[in-house]
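This report concerns only the one structure given below.
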Amino acid sequence: MNKTNTELHNEILDAVYDAWTALQQQQPLVHIMTNAVASNYVANILLAANASPAMIDNPFEAESFTRIAGAVSLNLGTPTSEQVQAMLIAAETANTIQKPWVLDPVGYGAILHWRSEVTDQLMAFQPTIVRGNASEIGTLAGKQVTGKGVGTTLDSSEVYQQAQSLLNHCQCVAISGVSDFIVSNDYPVIQVNGGSELQPRVTATGCALGALIAAYSAVTTPVIAATAAHLHFAIAGKLAAATTQSLGSFNVTFIDQIHQLNLEVLREHADFQLL
Amino acid sequence: MNKTNTELHNEILDAVYDAWTALQQQQPLVHIMTNAVASNYVANILLAANASPAMIDNPFEAESFTRIAGAVSLNLGTPTSEQVQAMLIAAETANTIQKPWVLDPVGYGAILHWRSEVTDQLMAFQPTIVRGNASEIGTLAGKQVTGKGVGTTLDSSEVYQQAQSLLNHCQCVAISGVSDFIVSNDYPVIQVNGGSELQPRVTATGCALGALIAAYSAVTTPVIAATAAHLHFAIAGKLAAATTQSLGSFNVTFIDQIHQLNLEVLREHADFQLL
Amino acid sequence: MNKTNTELHNEILDAVYDAWTALQQQQPLVHIMTNAVASNYVANILLAANASPAMIDNPFEAESFTRIAGAVSLNLGTPTSEQVQAMLIAAETANTIQKPWVLDPVGYGAILHWRSEVTDQLMAFQPTIVRGNASEIGTLAGKQVTGKGVGTTLDSSEVYQQAQSLLNHCQCVAISGVSDFIVSNDYPVIQVNGGSELQPRVTATGCALGALIAAYSAVTTPVIAATAAHLHFAIAGKLAAATTQSLGSFNVTFIDQIHQLNLEVLREHADFQLL
């Protein structure tokens, strides 16, 4: 007989505890190709979470590094021709050897043709998890959206139903917004609450979240990896905003909170529901 | 009959209030191509000021993104061949469709030939505003200067007269230094005071200022955009330095102050004069 | 007759005092080519130490800028084809005109072939100082090592003897780890103690250390430059960790401490011994 949502909620929460603990113990090597704006911040967030980030984004080393990494994170924020070559090699390699990899289709949409075409090529290599904002995921799922540059003009709650269609191409879709939505075939849609309205005012938080999902995906299932990373961010954002409302200080405190998360903090602050 | 400097001062200050208010309301999309050192910092400064930065610096998307952006900011700090192609496309597009764009000719001078030649090509597309340090602007204006790498060996007050000659190529020239000078045909030279001696000890503050000028240029005239951005920085720098004299903390507090600026703070601390 | 280790210790310490003082006075221009993760952080660390960093990493300006810089710092963290061309030009130029230059062979080893081959080419231009973690230096010295991506799987104390063999290719080898080891023909191996276990949890600290060694090498001998930079970092790390154990705050405080170092702090906290 089917489990109740309460049983599923507890099952997910226990799996998130295990994922966080495994991340601390294994400190998985994450092969990251991200944008120029995000690279330093992404590396610091992953180190704060106790993962081992390595930004290797040239085509000459992409295959060999994907083979030794625990997971791969590809982000289309500021692609260059050489980086795109590297991404295609890493995605194909990850797909071939069944290494978990996360695709963050930054700016996917009608205005930014080149990266959107590259994203379509990358989708063919079956990302384990696709994560993005509502405009990006909505457009990927075939919705007509007018994105504002690399930001979003949609609310995440408007697109999680359409996102179901992407499960033909990946195992999990994570949509970030005021609330976050984790879409998979394993569980009902998981809505993660928390964070802070200051989070979008710090650049590259979404990019860092994508890389953290990849880090968790090296130690657990795709849907738990996405949920654990989103909870990690939502809790750190909520606690940082409770400390300060000034943007520079918030950014510092947010990294403090990513670093200080533990099972007690998770138990007290993890806020999600099944839809 | 001509307005007195007091009348002009009040006129400028009122326009700066309106520009800051419009920036908060419109959160203009700014198309930014900047250097590897600056990109994260520039994005965070613009987000703190409530603009919408997007770093799109590939030649395949430069034209389409320039068309939807509110303004464009081009910075020559660490050019690559591909980024230079993108800059030339963005500058030509911006000039064609009369989109405001800011040129920051980092390192312009005798030593760095390549970027200086690229800068000369970009100047042909009539930047709306040219901003830089005294060595860069002085050399652009035909002065013989021996710059120290990408730093400056001149005081900004030494070059604002020569800068007048650049008004044949752009509508406004902004020279940053201990005091800043805004040169245009609309007003007498505007000298902006404030800031802190710690500001040049934080990398990419000048680059971020150029991008903030671009953000303001999406909502007001070139000379008011330059004045508003310089005042925004000068006030934040002065208030941050009043809080701490330690460099790491200063940088965090500076972003706090960029974020916290409002009409009251502007009214109390805006310090500029007409020459 | 030979000097005692106590005499040598005092001689080194006096030379470090002089090097720090010279750095404050001369603020040497450092020509830096580093990775995308590190560039902002490296520039801020060097500015905090009072050097003048300039990231010029294109092949068209590499030679002319190397000629005017006080020293050159090359870091293989995220090489691109164009940046590698620039590094080879800068290294050859620095070697030809006897300009001090530092090589940081990030990720050198069996997995990352391309950069390792580039590093071998760069080694032919006789770097003044080679600095890296134990896995990188050990592999360069011919030891069989299985590095973990760009991290290390060795303790620095395991490789400083092998590092002696690298003195045929450079004048000084600096190995960073829990303790740091400075290897040269001028002195017995210098072991630098201090720092904090939080330091490796902040990205690009090693990259910044390499660039700081280059800054010091513009004003003193290679072995004193390496020792001064390692002491500067070890003291700042120890004092920052005494202030906070939260990672985001640690990073801010670390820059504060790099900035606030002076002869008194050096005298009180410099901790090194001769082996």
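Each chain gets a letter, A, B and C, in the order it is written, and its residues are counted from 1.
We adopt the following convention: a contact is a pair of C-beta atoms (placed from the backbone, for glycine too) under 8 Å apart; a residue touches a chain by one contact, two chains touch by 3 or more.
Just so we're clear, the structure is a prediction, and the values are computed from it rather than from any experiment.
Under half of the residue numbers at the subunit B-subunit C interface are used by both copies of the sequence.
Rotation angle for the C-alpha superposition of subunit A on subunit B: 120 degrees, rounded in steps of 5. Rounded to whole angstrom units, the spacing between the C-alpha centres of subunit A and subunit C is 34.
With centres defined as mean CA coordinates, subunit C is found 34 Å away from subunit B.
In subunit B, 36, 39-40, 80, 251-252 are the positions where the chain touches two or more neighbouring chains simultaneously.
By the touch criterion stated above, subunit A contacts subunit B in their complex at residues 35-41, 77-81, 107, 111-115, 148-151, 200-204, 246-249, 251-252. Across the complex, subunit B is touched by residues 29, 31, 36, 39-40, 43-44, 47-48, 52-58, 60-61, 64-65, 68-69, 80, 82, 251-256, 258-260 of subunit C.
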